[in-house]
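Beneath this line is the structure, given in structure tokens, with notes to follow.
By written order: A, B and C. Residues from 1 in each chain.
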Amino acid sequence: MVDNLVATLRSHSPLIHCITNYVTVGDVANVLLACGASPVMADDAQEASEMASVAAGLCLNIGTLNSRTIGSMLLAGKAAAQRGIPILLDPVGVGATPFRTRTAMRLLKELPVAVVRGNLSEIKAIAGVGSFVKGVDAGALDVVTEENLSAMIEFCRRVARSLSCTVAVSGAIDLISDGQRTFIVRNGHPIMPRVTGTGCMLSGMTTAFLAARPEDVTEAATAAYAVMGLAGEIAHQALAPNQGTGTFRSNLIDAISLMDDATLQAGMKVELR
Amino acid sequence: MVDNLVATLRSHSPLIHCITNYVTVGDVANVLLACGASPVMADDAQEASEMASVAAGLCLNIGTLNSRTIGSMLLAGKAAAQRGIPILLDPVGVGATPFRTRTAMRLLKELPVAVVRGNLSEIKAIAGVGSFVKGVDAGALDVVTEENLSAMIEFCRRVARSLSCTVAVSGAIDLISDGQRTFIVRNGHPIMPRVTGTGCMLSGMTTAFLAARPEDVTEAATAAYAVMGLAGEIAHQALAPNQGTGTFRSNLIDAISLMDDATLQAGMKVELR
Amino acid sequence: MVDNLVATLRSHSPLIHCITNYVTVGDVANVLLACGASPVMADDAQEASEMASVAAGLCLNIGTLNSRTIGSMLLAGKAAAQRGIPILLDPVGVGATPFRTRTAMRLLKELPVAVVRGNLSEIKAIAGVGSFVKGVDAGALDVVTEENLSAMIEFCRRVARSLSCTVAVSGAIDLISDGQRTFIVRNGHPIMPRVTGTGCMLSGMTTAFLAARPEDVTEAATAAYAVMGLAGEIAHQALAPNQGTGTFRSNLIDAISLMDDATLQAGMKVELR
């Protein structure tokens, strides 16, 4: 793993164009600023293409998918493709409704997505495998554990090969695979899914890391996962006994805004298989 | 009042489908997670019905009402009705414009709403009584006090009977009535309306409590009100002298995320009339 | 400068109608409540006009401009004009795409805007001068410094005269000009642009100050800038070493919610030229 990626991102301050859901969009913008990127949210068909054309990365998130913005996602994606900037797709809640599944598959088919990022239920739905999706959260049985790790790695590899992109699964154990290499990230804390949008924030931040290191998106995505997981650990450690998920959310952005390469190298738990 | 409702909610983790405003939607999601529920926000007509069909409760909030989502609210509401899951309506700002009033009345007419939840100005507008609504906040004269308590209880009873649902009024003194029983909740703190969305958050959380105890939605709503009010007290007590409404908002979610039945039983101020 | 404007705003509690972006809308609402105003967000064409008619100020922000709400902005603006209430325009990201530029110019042409508020890149784009806009952030070269101060004041004066309104530029040094008087505000802290929406929050709060003192919108806007900058200083001072932009955001709203005229008079760094 490159050892100065956080500093590189902060010095380049890439513009990241997000077409994302309205539930967590403010947190995504704050996390992008915290890691050193510059966020812009623009979802109208009349400007999606032009905004993507001046960006260094495009983040598409279907969390509150609606008919109006699907066309904007395609326009932005095509502009990004033409300029060769990395596209990340976060297929939030795919599998929960046919509308989401249909749209996620269409985006994957029509755009050269660099990274698909989701929980295990979402990645299973993308792969057409039965999953236990519950709304936008992973089903209780869709978990990567030390016990099923080898099988899950094999699953991610297969999906990555079949989609010809990097697949990034988040959970207690994260997996990032490009079909050849698979990185395992063991950072993070169980409180994280109790805050809305930790996945969306990770999608935004991963896109920023892709923009900072487009020549190896798998390594870049892995670094973003390690940053998020480690920030979660730091944020939890800073909680007083009478503090819960509200303060944790602020602490998480604090930790990302203070992250540097030395802290990351010392704290990240990344394994390559 | 049942004495293990918080634990029940946390163990069942009901999926709550919200079609709500974009001002406070992130806070609503965080409060739902904090109390143990699983939020999903989906407002497109192409999936509203299917998402409601897999949920355990439906929360409709017209805070940023728009033409696109009225149809989605009706579709989701009809799917919820068919499956028998509880529907809560938060008629934010009803009475402020004919568009809101018309839409709120239509939702009430076409859907089997279990609970209507709002401030006194909003409930008066729903009842067709002159109110002092000011945008989305209650008018200065629309307040439940110890002095007008009997009259206000009678008013709530009448509205509940005429709408055939539970009516929940929030303010310094909260009233929750099903036309027979009326619960009075005296928890809370005056700082709460100085944070945007405490009403919306309460609507989300109340829907989660309805889903955890659909057999008595009036008791369930009362418990949600007591949790929110008590959390407000705890959150205010945790403020340092140089802290204001920004930290209070994080503290409020902290207190909800740490709430348990013992704390609730010890701190709630609920009276049944 | 009037010395009791904060108290006046808190006692009048003006209703501020915002048609604003969905990224920072919750923060805008919280800042409006923190400074004593009452926010209402309503963007549907079916009620924009009526909502503006009962408000004391209108804030238009094109941060996530979309085709659906342009008409609503015009309707609300015309209702505000008819009632004589102040309109503020925040042309977020103008210059980044033709869609934004075209729309901002149209709003300026068709509505009697009292104050245009933006970063230097945005004000340059409004003036038709080449700028270094980067998404929604000011370009690195678009900065007001002590060195270029006289030229920048002259620039603001010229734009204010040509638009016949007050022009307010935010940055390390803020400038507020009505074509005659120019106020320079030197409050603030470099961490502020690292939190999303400090500009949007300032637009909301400035509109509230305009509503509290419509007879001199230039002084009113200057007071709002001083409050925001001073609150930023206080919020930064309250940070512990392990706290970053997440906690800063809460502290900022804390400081605004606790602001009073004595604190403002003691801490504001305002110069009139």
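By our rule, a contact is a pair of C-beta atoms (placed from the backbone, for glycine too) under 8 Å apart; a residue touches a chain by one contact, two chains touch by 3 or more.
Here the structure is a predicted model, which is why all the values come from computation and not from measurement.
Rotating chain A by 120 degrees superposes its CA atoms on those of chain B, with the angle stated to the nearest 5. Residue numbering at the chain A/chain C interface overlaps only partly, since under half of the positions present are found in both copies.
If each chain is reduced to the centroid of its CA atoms, chain A and chain C end up 33 Å from each other. For chain B, residues that reach two or more other chains under the stated contact definition are 22, 26, 68, 249-250. Interface residues of chain B facing chain C in the complex, by the touch rule stated above, are 21-24, 26-27, 63-68, 93, 96-100, 134-137, 193-197, 242-247, 249-250.
Within the complex formed with chain A, the residues of chain B that make contact are 15, 17, 22, 25-26, 29-30, 33-34, 38-47, 50-51, 54-55, 68, 238, 249-258.
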